[in-house]
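Quick heads-up: structures coming right below.
The following pair of complexes shares a single chain, subunit A, combined with subunit B in the former and subunit C in the latter.
Moving on to the complex of A and B:
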């Protein structure tokens, strides 16, 4: 059975509607959302309400967490002073716009969702703020999936969709026992694990302005990365009209391949 | 007798790069002078504010600025080289200095500088011509960044946005930018080139407080958004507190 996974909607209503239409047109009934419903974009209430109305299972993203817990949740995940200041402006604007009901909805979102051996998270099983980049050290990537007890880990946060297969993983342990001179070695072969990044619906940064999401076939394991056209100009105009930083509109209209992520992508805030 | 050469050309054609190469190759005394070209309808001259001279002096420390006091000595020295750079959008229509405006001629006269050679980028084959563009309309904007220190990652983001069109169609951008660790970079971009240059200055300032060396940004293009550029720059520059904290870190670790 096909199911769809969407992530990083970022208050971009036109993009969310276009993606949901694309999913509906294929007769897919099961949709999972990996969070970041708000932030950067101009329609936070509309997007949250659409998710609530469609009753789409959603886990909490870093923006959803910050808007509830305040900026102390993780200021240190900004890569630069410029990104931090812009992020704060977007944060304050979004916090002022969101209704109490929608804030309560975001506050209650779970950090992870699980369906059999499929695990759904925003950043990583460790944190909504950790980036699982496609070139992350293979051992670390495998550790994130294996210790979470998943076969396939669905994540977002990087805004760049990818499928990564982690094959031929093994753990070798050397045990030195008191009554033996020579240590014994044990090797545990790990089955293939996968990380599937759903990209971003509302703020694509994969070199194109098209919204991205993924379709996963439960029975075959096949993953399809979908790119969907939407009315980018409409959202850009709404960003400018809302008084959000104009550069957000410019960035959205280009889909540049640079994410505003911390220098240490695997950084996990300990605050 | 020393050699005096005047080069002219449109923004970003490679005048300063060519001058640096010639000055580095030259073993004798050398001097450099940059003069504003005459205004042309719809084409604004980019205010240099000493960027090129500061960059060249960093790379060629023995470089002098021609003054009324030293031009005679330079002229008499057999192996001296004086380069004069003039931004000019189109080739001069007349031979010799007559092809230049009164402003250029009077400044050269005051310094008693008489070029032996006048070369224009895009016209004379002695000069590289690959980046010589024809401009019909050009706006210019500049800002002083004296004493300003950038957050390094913010500078990287700002420059990316600047040269990729976030603040209008930028054809040319160059600047001297200070970093908190005492380094400075010559940032240089031209629309005809694929990527920017970020060249470190040889001379570093002690990472204590705010540096007092030349720091400027010049932007040329169309439909520029100076307010937007300035607002982003303000978000990128370090406050006194943050600068002090960043400059303290290496000391306390060391």
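Moving on to the complex of A and C:
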């Protein structure tokens, strides 16, 4: 059975509608959302209400968390002070727009969703703010999946879709204990694990303006990265009309990789 | 290069600290003393030890301290950690232990304890109470090598000295590799990553302490003489 995984909708209603239409047109009934329903984009209430209406299981993203709990991530989440100021502006605008009912919905979202050996998170099992980039240290990437007790980890947050398979891993270990003359040695054989990043519906950053999501075939394990056209201009105009930073519209129209991303992508903010 | 002494889990025991200082003075070339947290605890009045650590005697090997699990519990309970409280201590030892801990440390020491760092990076070594993930992270020789490697990688160090488990061991990750296959919009690519030689060292706690020579990478696990026996010797 095929199921679709979507992430990082970012209050972009035109993109969300286009992606849902694409999923529906393939007869896919199961959809999982990895959060960030709001932030950056101009239609936060409309997107939250659409997800509620469709009853799509959703985990909480970093923007969803910050709108409820306040800006807890430190400035390390941003590559520059200008980016941080823009992010804060969007945060305050979104918080002012969202209805109390929709805020309550975001507050109730779980950190993770699990279906058998499939784990669904926004950033990583550790934090909604951690980026699992495709070139992250392979052992650390495997640790995130394995420690969470999953075989396949679905994540978003980077806005770049990818499928990463980690296999044939091993570590040789030598242990010397106190009062032990000869150290012992053993080898740890590591299991094969996968990370599937669903990309972004509402704010793609993979070099194209098309919305992205993934389809996973439960029976074969095959993953398809989908790109969907939508009316980008309509959303860009709405961003400008709403008074949000114009750079958001410019970035959206190009699908640029420039984003509010920490320089150290593995950093987990503890603030 | 001078050797390091690594100590943890004194838990307010000034006699033990003085005994370790005495033994360090008898060692050659130990000029650095790192106290990896748990300076305090609920069993002793900790004020005398804290005063000594904050104002060392001239002859002492000068201590460099970081905070540990017990300090984290106290600081949380006293409002230094936002909305968090000493939940870990409550869960492990009950409400009475929280009261004992509050009684064991004068409020005058709280700001100093709050100023202590999470860890030190010295040369290519990380000196931390728990791990790079959390002060309560209990790394042992039985912890998965995958987790240990992650804790080393987070700090990009070759050696991680940890105290939380209160055990003495050296675990070396010395070979291995993993294959990574990535498919994205640009295509598919494969790479292989090898493990650099890296170590996690449990320094022990309480009477157990560790000497480390950064020049030779030699580690010596030691146990301090019981101060209650040592103090009476020769003066009977």
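Simple rule for what comes next: the second predicted complex is superposed on the first by the 261 of 271 C-alpha atoms of A that agree within 3 Å, B and C clash if a C-alpha of one lies under 4 Å from a C-alpha of the other, contacts with A are read in each partner's own complex, and residues count from 1 in each chain.
By our rule, contacts are C-beta pairs under 8 Å (C-beta built on N, C-alpha and C of every residue); 3 or more make two chains touch, one makes a residue touch a chain.
Because the structure is predicted, anything quoted here is derived from the model rather than measured.
After superposition onto subunit A, partners subunit B and subunit C are found to sit side by side with no clash.
For the combined arrangement built by superposing the two complexes, subunit A sits at the apex of an angle of 90 degrees to subunit B and subunit C, based on C-alpha centres and given in steps of 10. Of the two partner chains, subunit B is the only one touched by A:81; subunit C is not.
In the superposition on chain A, A:247 makes contact with subunit B only, while subunit C stays out of contact range.
When the two complexes are superposed, the chain touching more residues of subunit A, out of subunit B and subunit C, is C. By the touch criterion defined above, A:233 reaches neither subunit B nor subunit C.
Shared-chain residue A:104: touches no atom of subunit B or subunit C. Minimum Cα separation between subunit B and subunit C in the superposed model: 13 Å.
Residues common to the contacts of subunit A with subunit B and with subunit C across the two structures: none.
Taken in their complex, subunit B has these residues touching subunit A: 151-154, 156-158, 160-161, 164-166, 228, 232, 235-236, 238, 242.
Contact residues on subunit A toward subunit B in their complex (touch as defined above): 79-83, 85-86, 246-247, 250-251, 254, 256, 258, 263. By the touch criterion stated above, subunit A contacts subunit C in their complex at residues 126, 134-135, 137-143, 146-147, 160-178, 183, 187-188, 190, 206-208, 212, 223, 225, 227, 266. On the side of subunit C, the complex with subunit A involves touching residues 133, 141, 144-147, 149-150, 153-154, 168-185, 191, 193, 195, 204, 208, 221.
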